[in-house]
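We call the chains A, B, C and D, going by the order they appear; numbering starts again at 1 in every chain.
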Amino acid sequence: MKKKRIAILTSGGDAPGMNAAIRAVVRKALYHHLNVIGVNRGYEGLMNGDFCKMKSDSVAGIINRGGTVLKTARSQQFKTEEGFGKAVQNIKEHKIDVVVVIGGDGSMAGAQKLSEAGISTVVIPATIDRDMPGTEYTLGFDTAINTILEAVNKIKDTAFSHDRVAIIEVMGRHAGHLALMAGIACGAETILIPEVAYNIDSICEGLLHSYNRGKQYSILMVAEGVSTGSEIADQIVARTSFSPKVTVLGYLQRGGAPSAMDNIIGSRMGAAAVDSILLNQVDCLMSMQHGNIVAVQYKQVTEYKTGVDCSLQELASILAI
Amino acid sequence: MKKKRIAILTSGGDAPGMNAAIRAVVRKALYHHLNVIGVNRGYEGLMNGDFCKMKSDSVAGIINRGGTVLKTARSQQFKTEEGFGKAVQNIKEHKIDVVVVIGGDGSMAGAQKLSEAGISTVVIPATIDRDMPGTEYTLGFDTAINTILEAVNKIKDTAFSHDRVAIIEVMGRHAGHLALMAGIACGAETILIPEVAYNIDSICEGLLHSYNRGKQYSILMVAEGVSTGSEIADQIVARTSFSPKVTVLGYLQRGGAPSAMDNIIGSRMGAAAVDSILLNQVDCLMSMQHGNIVAVQYKQVTEYKTGVDCSLQELASILAI
Amino acid sequence: MKKKRIAILTSGGDAPGMNAAIRAVVRKALYHHLNVIGVNRGYEGLMNGDFCKMKSDSVAGIINRGGTVLKTARSQQFKTEEGFGKAVQNIKEHKIDVVVVIGGDGSMAGAQKLSEAGISTVVIPATIDRDMPGTEYTLGFDTAINTILEAVNKIKDTAFSHDRVAIIEVMGRHAGHLALMAGIACGAETILIPEVAYNIDSICEGLLHSYNRGKQYSILMVAEGVSTGSEIADQIVARTSFSPKVTVLGYLQRGGAPSAMDNIIGSRMGAAAVDSILLNQVDCLMSMQHGNIVAVQYKQVTEYKTGVDCSLQELASILAI
Amino acid sequence: MKKKRIAILTSGGDAPGMNAAIRAVVRKALYHHLNVIGVNRGYEGLMNGDFCKMKSDSVAGIINRGGTVLKTARSQQFKTEEGFGKAVQNIKEHKIDVVVVIGGDGSMAGAQKLSEAGISTVVIPATIDRDMPGTEYTLGFDTAINTILEAVNKIKDTAFSHDRVAIIEVMGRHAGHLALMAGIACGAETILIPEVAYNIDSICEGLLHSYNRGKQYSILMVAEGVSTGSEIADQIVARTSFSPKVTVLGYLQRGGAPSAMDNIIGSRMGAAAVDSILLNQVDCLMSMQHGNIVAVQYKQVTEYKTGVDCSLQELASILAI
């Protein structure tokens, strides 16, 4: 029987845990005597033929590093007919049987398009925002909320020392997972997420109420999809005598040595992807469902709800009384 | 209607996330107008009447601290008839309706005994070992595996620089959860857990094989329930030319600022415990089941399997090829 | 002999290491049987009589916390005649012999004004910017450059993965110490400081040159006193095809558990301040000179050069080739 | 004029900051058009001819990694006449003009022996113990005391929660620098160093006295050169009712991403070594003297006192009252 050839790439925003997934795909595949080709810079590399043979030591010493050793890109050209055609041609010329794509929503769209063109693909979900349909977890999320937590712990020192309202702006254009979960983890008094409209007057009342009760500093966490931190600060300044200070965490949230959970789930998802390929179960997302990793066909991913649990926003405000 | 009075204590080994659970119990209870009494030093404090009234600001600023602000102890006296009787008497004298116990297996046994004596109790699972029946998660585990991961990342620098086998001894007398999950997270070549007998000869063959293939250093993680790190080292020295160096992580594994996950689950479990009490659902463990927190009666906890997934041990060795 | 009464306050921006200095002043003073009064919120507290008796356990468990347990403020009112008068009156009414002020340049100006009004003072230098005359070190600097280093290490993961120029904006309105030292520590390719004019064209040439030589990402560190990170980014975008991403570290730089060095120097300076008081050597700055702590009279502080060593900027660019 | 050829190696125990020094030597040398040869595994590599050409990108991305990319070893063979002869021969065959050695006391002895045999050498001091004559600082020390501080901060959580005496055993066979400085940084109640005899009875009295005054936990730091932590624990158990718990930090202390200070001093010392070579100033130690880096001839290193400042031990006990 002919040995399968698989290609692996990372695409979209980088996320901690991608390296654990790469390592797991490569070594599990080699263990089962598959050939593995690494593609640099995501779909860009697929179009440009930026390929390299992956051996066991190609992935040595990478599990504790953030980002992705295969590098990543957001390719506009791959969305054109010409670019897509070049990618398909390269895949065929190199006799690649399956492409393993590690990335988020946009990357899965690319994989799905390849599948529709007859190229088998498998997706491992990875984006710090956790805003992908079809899976309860995406690699990088746990590291990102821990990074935010550590940053807020530092900012709290200063907020306490100056009796201040500290506003923390975190990532999340369309989904509030990061703000919500990091907010609960750090005991934020107020959490603003795109899924729920906010009322600046009641926020100000809350701050005042807390202050009068003796709470001398507070943390307000806002997802960038709601507003910028400085807009929120301006609104508070216009209504109260507080002088909130804003920190925009920015790219800091993307990096860092992966958390244990991201390395564990990355390893498990990478191994599961290879198992799935060995069973000829392709064109699917490696999905976390109630703690188990299962393969979900692309067509079915939207059947799984993965929205924010908004009751946690209320919990956060109760716990901050 | 009379307001319920609840008492809260932490017992057994301390675990990061206990403070998040204390904060959640106290504030959620106050939000619902319950009275909350803090008991210092676990069952010791229950016997000695070491009580304090908990207000909202009793739990201010504690969520990012490891350990437990209520302190903890392993009480031998509480296991005696006399000690137990004193505890029951104190509970009745203070008109406490429910005792919330945050702790591990032994602490749950104490709570169960109180329940059998007619005192309502609720348990929030907390032990870094994750070796409790009836729940898939115990507070402190995630922080502990991250602490181990960070320590191993440091030790790897030295192991790499000296081409060395590094042996890491971690906690886990009866269960291998910590060693197994931390081992996968840090890419350990070999993981020894109490649930699976080990063969020193095949370990040595593995080390030799790796070395000959060009792997210049490796990590062997061993749960204390298997053997001490130095016994394993001696066995390797007797059979090979390697000179492994041993690190015993010890009490380091217990402390540290809680991870985001421990603070989130601690907050959710604390709130769930109060909800459960409000519904008169007592004498039960707040249990993590497939990502949800549910109340499980003490009598039923043993029905839920929570053993180690030994297939992960094999996965670790495949991923380390 | 009458026991001396000393007061202690922290003023201006908070800095890690302030708590170690507070602890050292309090305990060393108690050891020598002095009385110690804590003043909350800096000169504000001096005016408002916001005083508390400091005992040994007032400073227990604070050495590993950032910020200042005495809180701090930037008081405008203290600069008025009326405010200053109230402070002097409170000091006299409480029979305070010496005021120990922990803070930066502005705080030292306040202490000097008190001295001129006949109130003995001693200053312990503390500001993350290290921009004080008369001392080679100010508490908080070492922690701050380590905080920046850790942040940049995370940002590098993403910059590497995306082949990006990362611009990091750090504190430093008038002095480039933070940018320069943190820049060298993290291996930044380019460091912009207020002390040296920059040439955007040669920066762009440097980036291009590095890129052509195969350097796929680079770090540009800029002190806020030079420009905002986004202005620099705009200038680069206008001249090249790079798309730099900006991170403004902001208040993150102020907080965090103090580094070993800040705790050691804070402890030594706090003890030295008490020794100085016992010798009636007051109205002086506890100054770091070539590794030793010496008392320098306020009038002489400007004699000690503490400017940035600009040759390090050139070193950074040589080491980044 | 002929271009100088320099070789660079790291020897003895690894220390964070070695990579910054390697990077600085290589890039500064290339900037001045010297040729640089990397020697793997210290003097072992010198004997075995394990050489590689160092280019600018040989040292890319290494500054934030602990350990040494050139690897290190403790060579017994180099101390034999035959081994030494092979090393000298290799150096001559490769026409190496100067050997830059990064390491501790033993490594300097090797360099000195080479110098006596007519091979020019320069030493950059690096050992976490800081026990080298002739210099006030050795690379790795600052990172190591920060690593110890972070570990103790975690252990304090548990010690506080259980009202415990925690004993921390740290490195330092002959010198107490690490124990003393880390002990002050973490606020240890008791610090035992090889330079000062200890009295177990007065230690026990101190613990009891603290406990009676309300101090519910304490930290005792002991350098391995004094005794093992468990021997101290046994002595305390024999004399009091305390049950101290011991943590041996071990190899953890050697690794980790370098602190800002180690990277800054490593960079400066590396550059200074090249400057020294360019000036034909060889056979000397790059020495830290009062904050400046100066070249000290091997013969003169013993003239500079670098012993432990034992007054700091007393300071620690005063600050822990």
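What we mean here is this: a contact is a pair of C-beta atoms (placed from the backbone, for glycine too) under 8 Å apart; a residue touches a chain by one contact, two chains touch by 3 or more.
Keep in mind that what you see is a predicted model, and the values were worked out from it rather than measured.
Chains touching both subunit B and subunit D: none. Seen from the Cα centre of subunit B, the chain whose own Cα centre is farthest off is C.
Centroids built from CA atoms put subunit C at 39 Å from subunit B.
The distance from the centre of subunit A to the centre of subunit B, with each centre set as the mean of the Cα atoms, comes to 28 Å.
The mean-CA centres of subunit A and subunit C are about 36 angstrom from one another, to the nearest whole unit.
Those residues of subunit C in touch with two or more other chains are numbered 153, 156, 160. Taken as a graph of touching chains, this assembly is arranged as a ring, one closed cycle with exactly two partners per chain. Applying the touch criterion to all chain pairs gives A-B, A-C, B-D, C-D.
Interface residues of subunit A, counted against subunit B in their complex, comprise 20, 23-24, 27-28, 30-31, 56-57, 60-61, 63-64, 136, 142, 145-146, 148-150, 153, 156, 160, 181-182, 184-187, 213-215, 257, 259-261, 263-264, 267-268, 271, 290-291, 312, 315, 318-321. Residue ranges of subunit C in contact with subunit A, taken from their complex: 10, 14, 16, 41, 65-68, 71-73, 147, 151, 153-163, 166, 245-248, 250-252, 254-256.
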